[in-house]
Structures are given as C-alpha cells and as structure tokens.
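We just call them A, B, C and D in the order they show up, numbering each chain from 1.
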Amino acid sequence: MKLHEYQSKALLAMYGLLVPHGGLAGTPAEARHVAERLAGPCVVKAQVYAGGRGKGGGIRVVHTPHEAETAAAAMLGTRLVTPQTGPQGLPVHHVLVEEALDIDRELYLGITIDSGTESVVVVASRAGGTDIETVAHDHPELILRQVVDPVVGFQAFQGRRLAIDMGLPASMARSLAGQMLALYNLFMAKDCSLAEINPLVVTTDDRVVALDAKLTIDDDALFRHEDLAALRDWDQFDPLEARAAKAGIAYVKLDGDVGCLVNGAGLAMATMDTIKAAGFSPANFLDVGGGADPQRVAMATDIILQDPSVKRILVNVFGGIARCDDIARGIVQAIPQERRALPMVVRLLGTNLEEGKAIFRASGLNVRFVNSLLEAIEALQALTVP
Amino acid sequence: MKLHEYQSKALLAMYGLLVPHGGLAGTPAEARHVAERLAGPCVVKAQVYAGGRGKGGGIRVVHTPHEAETAAAAMLGTRLVTPQTGPQGLPVHHVLVEEALDIDRELYLGITIDSGTESVVVVASRAGGTDIETVAHDHPELILRQVVDPVVGFQAFQGRRLAIDMGLPASMARSLAGQMLALYNLFMAKDCSLAEINPLVVTTDDRVVALDAKLTIDDDALFRHEDLAALRDWDQFDPLEARAAKAGIAYVKLDGDVGCLVNGAGLAMATMDTIKAAGFSPANFLDVGGGADPQRVAMATDIILQDPSVKRILVNVFGGIARCDDIARGIVQAIPQERRALPMVVRLLGTNLEEGKAIFRASGLNVRFVNSLLEAIEALQALTVP
Amino acid sequence: MSILVNKDTRLLVQGITGAQGQFHTAQMLAYGSNIVAGATPGRGGRTLFDRVPVFDEVEEAVARTGANASILFVPAPSAADAILETADAGLKLIICITEGVPALDMVKVLHVLREKDVTLIGPNCPGVISPGEWCRAGIMPLDIHLPGRIGVASRSGTLTYEAVHQLTQAGIGQSTCIGIGGDQLVGTGFVDALALFQEDPETDAVVLIGEIGGVKEQHAAEFVKARGFTKPLFVVVAGQTAPPGKRMGHAGAIITGKAALASSKIAALQEAGATIIPGPAYIGETVKQGLR
Amino acid sequence: MSILVNKDTRLLVQGITGAQGQFHTAQMLAYGSNIVAGATPGRGGRTLFDRVPVFDEVEEAVARTGANASILFVPAPSAADAILETADAGLKLIICITEGVPALDMVKVLHVLREKDVTLIGPNCPGVISPGEWCRAGIMPLDIHLPGRIGVASRSGTLTYEAVHQLTQAGIGQSTCIGIGGDQLVGTGFVDALALFQEDPETDAVVLIGEIGGVKEQHAAEFVKARGFTKPLFVVVAGQTAPPGKRMGHAGAIITGKAALASSKIAALQEAGATIIPGPAYIGETVKQGLR
C-alpha cells in the first residue's frame, strides 16, 4: 500500500529524520497560510500516488504566499498527469507546501527486501534526485548496497560505509548513518516493502533532509497496522481497480479489448499471453482469487463489463475446488440483457462441468466452450464480433 | 539497576500485561484514598528493593480504607527487614495499595539471559508464589525453559508450550502466551537483565494478572534509557555503597574488620580470600576501578574509613598503568589525623614505586610494605592493632 | 521415486480444524496421502475423519505419531509462528500453503530455517505432489496428474495445474510437481528444486514455469549453466504481455527493472540451454516433441 | 609457539585515537607487537607514532594493511557496531577490551559471530599476550611476563596479572595468557581456551583462574572430564569468601544459586582431575611444585 508524500514524511519525522518545514493544504487559501507561516521561498507539491510530478507540473517553487495560493489553485481539483500515471492522471486533493532549501548535494536512499539475499537491503547513491532505475542501468557503479543481518539489524558502520562510498566527508558519515538507521527502524516497525528518500539532500549548511519520501507498506502486514491501513486513499485508484481490490479481486486495467476472467495470478498472466498469441490484446488482468464463489465471479464479470473497451471475453477457470455451475451462475447473473450478445470463450475445469454448460446454454449468452488454451486461441480467432 | 515493584508494574501495564488496580501512597491518608477508590479488600505493600516482604510484615491484606491507612502508617517511615535485606533493613517511603484478587493458581514467569546458550531464556513454573531458587533446587522438573532465538524473538508457540507444560488448559495457553510475549517485548525494549513476575496469578475468573513484578535493568545499557536511570532510588542503598557507586567505585560492605582497597574485581575477591587465609575477615569488597587515579583512591580510602568496624587496611593495587606515587598521595590525603595509627599493609606494583613508598614514609602512616600476597598474609598476621 | 514426498511421508496437517485445512485433508486422504496427525492450538484431543488425531502442539504430534513432514493451512498472521514451531519440533520438510505472510516475517523465518537445514516449500504455494507415490501434500486438483518421469516446478498455483494438465493430456507423466510459491521470499527456489530433480534417478526432465518479476529464473539459468542441472529442461515464462510497473496479483509478480521482464528470463534460460516453450498454450506439445 | 597471537599477528587497533587506545598502542609497540593500522570513524588520514596509519573504516584498514586481528578500545555504546564491522571486514580474531557492553548487544553479536566462525576475546577483558612471540594484544603490564610453556586463562584482569606475576617470580614462563573477560557473555570461554591450549605443542600445562558466578568453570570441568583437555591443569577460584546475593564489581561476579559458589566450581574441577591451588596467594608455589 502506497502512502502519500506527506504521510510518509510524518512517519519519517516521527522516527527522527529531518524533513522540510511545511504543511498540508486542501484549498488555495490554506496553501497561502502555510506559506505565510514558513515566511520564505516555498515548494508546492501535488499529493498523488505517483512520481515524476515535476514533469507534470505537480511541483512548483514559489516566492510569496500569493504565488503559493496561485500554484495550489492550479493543482487542486485537477488530475495530474505524470510519466508514471497514464494519460488519465491522478486527482489532486491536497498539496504539500514546504520551505525551499539551499541544496548542496542530492543523494538517494532506499530500503527494500532483496529476494536474492533474503534480507533487507539498504541502497544508497550519490546520484539522487533522478530516476534510480535509470542510474542503476546506466551507472551501476553508483548504486551502493548494504545487506542487513536480521539478527542485529542495520549497523552504524554500514551507514558510515555507504556515506563514505558516496563521497561524503568522514565528518558527515556518522550523522548520515544515523538517518539511515532511523529509516531502517521505520521500515521494520511499519512493515514497509519500500522506503525511499529521493532526494535525500545535504543542505549548504550541512543538514541532511528528506526532500521527498515514498513509503510502501507490505499489504500482507496491514493486519498489524490498522492505523496505516486506514490511510489508503481510494481516490488515487482507478475506480474499477479500487472496487476489485475491496472485493479481494486482483484487477489491472489494460488497453486491449479482450476481457479476461481467470483464477490465479500466474494463470491470469498465461491467459493474457494466450490472448496475445491469438492476435488480440487483453483488456485487463483479472485474478478472481481462491475458491471462485458465485458472488465473486459475478463481481469480477461486472468489473470487466464496466470497461467500455471490452469487445469479447475469455474465461479461464482451472478448478478442482471450483464448481463449474457456480461459476456459470455468477457470470450469467452479472451480464445484463443488453450485453448478452458479447462473444465469450469459456474454458472451465472442475466439478459439475455439464451443469455449468447447461446454465450457460439456457442463458442465451454467446458462449463458445473450449477445453484447452490451444482451443481458446483458435476460438478467439474464429470469433465474429457483432 | 533494580526498579521498585510499582515502577515495574507501570512498565508491565504499558506493554500490555494485566496488573492489579491500585495506586502508590506516600502517606497513610493517601493509602486510605487509594483504598476508598478501589472499594473492596486491598493489599498494602511496602516498596523496597528486596523480596521476602511478606515475612517482614511488608505486605498486609486489609478490608477497609481505615485498615489500609493503619497498615500504611505501620510501614511508612520505618525500615523493613526481610530475609533478603540484612538486619538494618530498607527504608519504606512508599506503599502500593492494590485490589485483592481471588486467586485460582500462582505461576512463576521470569526472563533472563542465559550464558550457557548465550540467549534470552523465558522461565516458567507452576510453582509460583514461592522462592524460585528453592523450587529449582528441590523440584527441578517444575522449572520450564524456552530459549529465545535472537533472529525471531520469543514465539507464541513457545508460550503455548510453557503454558501447557505448566498444566494450564489449552484454552488458556494462547492468552498466557500473549502475556509472555508482552513481557519479552518489555525485556528487550528496556534492556532488562531480569524480568520476573512471581506470582503471575490466574484469577478465579480466568484472568492472568501480575501480582508482583521485579525488573532489573542492565546497568551497562542505562546509557540508552535515561528515563529509567533517573528512577534509581538511592535511599535503598547502604549510604557508603551509594556514595561509592556514584563515584564509579564498586564497594560492598561486609562484616569483617579488614578494610581492603584493590583494583579489579577478581583481584579484590582474591584479596578478600587472602585476608580470610590470614585468619581475618574482610570489612568490604572494594574495586577502585581502572586507572586508580589519586581522587578515586582518596574517595575509596575515605569510604573504607567511614566503616567503623575497620581495624586495619590491606591495599593491593596491581598497576602497570597505575602510578604508585599517585596511589600513595590519594591514600595519605584521605586519612585524617586521628586515624594515622591505623595499621596498613600495602602491596603496590607499578611505576614510581620508590616515590610512592617515600610519600607513605613521610606521611607518618602506620604502613607495612609487602611484595606479594604471601607476604601480605604474613604481614596481616604480624600486625598489632592499637 | 520422486523428490520431497513419497510413500514414506508421514504427514502432519497444521490448521487442520479450519475450513481449508479440513477440506484439503479430506482430499489428501482421498488421494492416498498418509496423514498421521493434525494440529491446531487449543483444538487438540479430537479425531478427524475417524483416523487423524488432532494435537494442540506440533511437538506432541510429532512425538506421538512419528510425523516427518508438515503441511500448513494456518492464518497468515500465525504462519511464522507455526513454521518455527514445526522446525523446533524437528521436522525437516514444511509445506506452507498459507497466502499473505508478511515479507519481514519471512526474512526472519528463512534465516532461522537456513541455520537449521529445514526445507520449506512456500509460502503461498499449492504444495507438492508425487503422483507415482500417491502422496499429495498440497491443494492441487486430484485428477489431473499421471505417474511418470517428468518433474514440474512453478511459481504459480493454477498455472501449475494447467501445465500438469497439458502434460497428462499429452500422455506425459510426472515424478513430482512442486509449486514453489508466488511470494518474493520462498523457502525452496527453482535452484533447490532443480538440484533435487537432478539427484532423482526417476526424473528424466523438468518443466519449469517462470513468471515476470524477481530474478528466480535467472538464478535457475545460472545453476543450469554451472552444470548443477544437466537433464533436459523445458521452460515457459508467463507474463510476456504484462505491462511494466503494474502489480499482477502475486506479491512477486510485478515488473521492476529489466531483469524482471519475461524476455530477460527467457533469454537467460535459453542461453543456459533450456528448451523454450513458445507460450503457455504449448507446454504439452513442446515437451512431447522435445522428449522424442 | 603460542595460541591466538604470535609474530605473524598483524594488529589493527580500533578506537586508536582515544586516550586509552593511544596509550596502549604505545605500550604494545614498545613490547614489540606488530601494529599495522588504527581505525576510528571520522579520524582517518593521520599517522600515529610515525608508523601506524589511521583509517575511517575497518574494511579499508584491512584492505590497505593486511591486518589479520583487531583489538578494540571503543566506547561501550559503539562496541557491538565495531565488532560487527570488524567481522564484516573478514577478520577472524577480535579482541574487545571495552568494558560495559550491554548484555543484549552481546546476545546478538555472539549469534552473528558464531555463524561467521569469528573468534572474539572479551569484551571487558585485558586481552591476550604471547610472551615468547613478543606479541601483546592487550592492556596487561609489560614487565611481568616470561616466555615459557604454561598457558594462563582467567576471567579477571588484575588477577591474571597477579597469577602471571607469581608464575614469573617462581621462574615459570608463559606460552600465552588470555583474559577471557569478566562479563556474563564473552566470545571465548574457558572451554575454547583449553581447546586451543590442548592443540598447542608449546604449552605444557594451564593455569585457570576462575571466579564466583556463572557456570563457566563447570563447563571447563566437563570439557576436561570428556578428555578435551588432557594436560596438567592448575585451578584457583576467587571469591570463596564473597557472600551470596551481592554483586562484586564484575557483571558476572554475583553468586546466584549453588553452581555459582566457589566451592561448587572447585569441586567440579577437582573431580575432573585438576590440581586445586589453595588460594590466590599460592599460585606460583603450587604450579612450581606441581610441575616438578
């Protein structure tokens, strides 16, 4: 689960990291008030679940409270489009107004879990302020890593080593190591899957400040962080994805026209690959999840149908536990009268297969049954879209 | 560093353990007020740094607020003598007034560090409410242990296992495991060297409550627990021991008449053994600590002299780093005119030995120099006490 | 023969009294698996299916029944505790079906298991089945497997079933099928699975089903290149059409960086000498032709 | 020969720029120890005593000077970090003089060191000296040692010096003297020290100086009984007159339970066949007679 920048920074501050002075504003007037309080040049930053905001006009440097108000007015209530949001952008309901700092260097600091070493790793780079994946690709030597021993946790010496290897003077290594330890403590305490400060800046007066911050909490650990779980901002999701997520369905909107309904993430991806192999493009990724009970199947079907691009549907439920009649009932129930002609290729495996087929046949839906992925490819190719 | 029962219980409660309702009282009237608020039978408990309070009259069950006031009046301002305090007892400045509970069973729960496994161990026993060392000696099979893996910490299954092996019903195992985990979290967070709940009671309505609690904080870790360090109650120390501790001198008052001043704990114990071998008894254990600078030596000498039992002194400073003239100066400076005749056996090794001897000789003190422990034995035996 | 589980596997089911645990215990018994005990804290003392005694504690279950492997259907918040309890009781094979175990729990648990030399399959996996041994320690459909000499290893559940189904339809039997689990951190990776299949005289070839995300397939490729696995290897990688930066259901199925792309994985495995299956629809067909 | 340190020891001094570090570095150099580098975070770049380069990081110090052992004079709050840094840099012998390291820090540090097969002496110890090799990695007085063939192992600092002094006065030289440290948790115990002395062809016998508290002496007795150590062993246990329940300076020197009593320790060691020295005053005399 992503957190907004302002939420991430509040946690950073709680764990002892320096963040710029500032305040959250939901209206242009509030933005002006924050800027008045800060008394100096400020930065107005749109709060959305995406990076690349600078390129989309979501970060503005302002010099007066009036400018802050104007900048906030230009952002609030709009949808911000950045290289990471897709063309529809994300809604801006809040802006963060912060003091502008005099920056000497921009560093990168990130913590994540590395499956190779099965450990938490702290990643740092002197090349902060830019896209870290680009740095990793173009200048891998600038990406420094320290693997954390789970017995003792992150150690100060590792922080000093990262600081020195980033080219910082030894005199600053200790304080930077302290900031890294603080971020590590936050990462562990809040079950983060990613904690990223980019850039972590060194100011001209040698303070180390988190200029931006991005925390992602491990969804699987939210059961022990009810306070954080409550922070999820559903407005930042595609409405269909949000609806699916609330129902426990993994759904990702894509740009093709073949809707697909599958159980299991791996099989769902394989089904998308199969759609592509047939010469089409998937309209979505959809994993209806374990059990595939009728209500969930109906909900999943409805979500697929809400996407206006969908011209045909491929159902691929590999049961064993799943009852085919339940699945058929769920789908039939969810398809409204006016969409009954939508061509569907259905591949079911499980108990009560014949009963399921009978329900489909009785429904009047435009269904073609197949027994394998190979047949599904052929069936998709043979479809005539009305 | 020991904590008082009420301080320990406040920490327990903070970590989610159940403790009896109650309040601290510094006067009989306050004790009455607490008892009025609790409205029911209460227990009045003297707050001293020692166990065995029941045997010394430091724990009284009362049935009315008036009785609570009377019991508190009988304790407050006195010195409580228990089997663990020595004959001089410890001063009672506060009593804890708590609700009396209906008890079904009394368990023992303790956490400490085991040097054998180099791990934290959780110890539990169904034989709570009694001296656990006696239980360990007479019924070792009643002492259950779980070694904690430092990677993952104490696990719920270990708690359930301890609970079941203590004979508790499986239905209670989970909640007891939760209490154990809470105590473990406290132990780790506060750098305890001992966390003991004895008894941990199961009430007749199946609540698990810490009836008594004893936390000892690792002195070496107090640098990261300033809040706890401030809780040290110097009134609970022998005044000489307190003065020594504040100066960084390890001093323990004993019941012989040979004062000894030594550097190093092991050598100090060896010196005590040597005093015994000479047919005398040590008046104290005293490790003057590293460096043995003149101020510390003077302070240590003064502490020894404050003990009226001291009839002779053995100085054993095995230097290398220590300068004998410094040591001589420290001792000479600390001995007042009227004690100059006190017989002293001095064994010094280090630089400037001759200068040190010269200072002693010039001082008029009654000093006999020796070169070895064997000579020290002979010298002690040859002493004539004025 | 087979790897990991066989006729001598004496299986303990943890979380046996839950809905999923009971359902799959019935299925495993129906398949022929030798389930000797169940365990659920606070629910010990009963007997399920007229033959499976349930205990409060794993230690007791092991002591009383000689269980030598365990399959876990416990809630995700208790999974770390249950795995550690099982390892503490001395079992050397633990199969964790549970989905949604926090990643930081697994960091710690795996560290302990590596020290103790315990094999963990999963978490978030369909388990292991050795059809020729009639041992199913998992949740896979009962009727898709065929005893034979091909090993299957996969990160996905239903995609494993798909692969097995295609193999069986093509008349190709399986020695053992392992779902290693969809999470970023799992106990047994592709490399471990390949090493086991390499040593198994009754496995002739392996079908490996990869996915986008992570570098597990690259590790497998390195292992093969280093001659750790020398039998024929057939590979399909799902998610070739998944767009970057989007989370696709599984915790691990998110593309970040080039290594995580299906194309990078396929290239690495091809370079290592594996036969690349052109797409998920062609598993049975490709393996059948490749084994001729 | 000797154990742990010898002529080939290339010593790093951590915390070299502090008062204690500088003082003892001078002393060690004076004795003849081969000190190749120093390290203090934030103080790198200078050279001390005209010959010892100081680095910010242990890793760099090792890489640049080939140091193969380290002695630590760091503040107690940084000791765990410094030990871990040293182990991470690949050194296999770490001598931690620092006193006052929190016990829970040591629980974790020791767990890591055991995994990495690193030998730690201390903390809270006087270090190690091999007189015949002119290598002093410690803080013991310079002028009390005599090259020879007796090993000394002790929990106490000054009591070790006392023992060594008595031996030297009696004309008995030492191969290596180890102060294992006064804390409850130390890296190298009596058992480890005895095992090393057993293997050292130039050590003929060992003097072990125990103390009240803990069970380290009992472990030594068990090791001797199990024939892990078969050379002559002389033992004195300090604190026979210390009253129970009182903390005597050292973290570990508190008597709790019967095992912690001097008498229990002496009985165990006597049963194992050790020669019991009647008191701390008689170490030189007893060993001299025993060796005849």
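Here is the rule we go by: a residue touches a chain if its C-beta (ideal position, glycine included) is under 8 Å from a C-beta of that chain, and two chains touch if they have at least 3 such contacts.
What you see is a predicted model, and the numbers here were worked out from it, not measured in a lab.
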Chain-contact steps, minimal, separating chain D from chain C: 2
Chain pair with more C-beta contacts, A-D versus B-D: B-D
Interchain centroid distance [CA atoms averaged], chain A/chain C, Å: 28
Centre-to-centre distance between chain D and chain A (centres being mean Cα positions), rounded to whole Å: 55
Sites on chain B at which at least two other chains make contact: 150-151
Residues of chain C whose C-beta touches two or more other chains: 108, 111, 115
Touch-based graph of the chains, sorted into line, ring, star, complete or other: other
Interchain contacts (touch definition) - all pairs: A-B, A-C, A-D, B-C, B-D
For the chain B and chain C complex, residues of the former touching the latter: 149, 151-152, 155-158, 160-161, 164, 170-171, 173-174
Sites on chain B touched by chain D in the complex: 84, 113, 115-116, 118-120, 133, 136-137, 150-151, 188, 191, 193, 218-221, 223-224, 250, 252, 254, 262-277, 281-282, 285, 287, 290, 318-321, 349-350, 372-374, 376-377
Contacting residues of chain C [partner chain B, same complex]: 41-45, 56-59, 78, 80-82, 84-85, 88, 108-109, 111-112, 115
Residues of chain B touching chain A in the complex: 150-151
Contact set on chain C toward chain A in their complex: 23, 76-77, 99-108, 110-111, 114, 139-144, 154-162, 165-166, 169, 182, 184-185, 209, 211-212, 214-216, 219, 236, 238-243, 245-253, 256-258, 278-282, 285
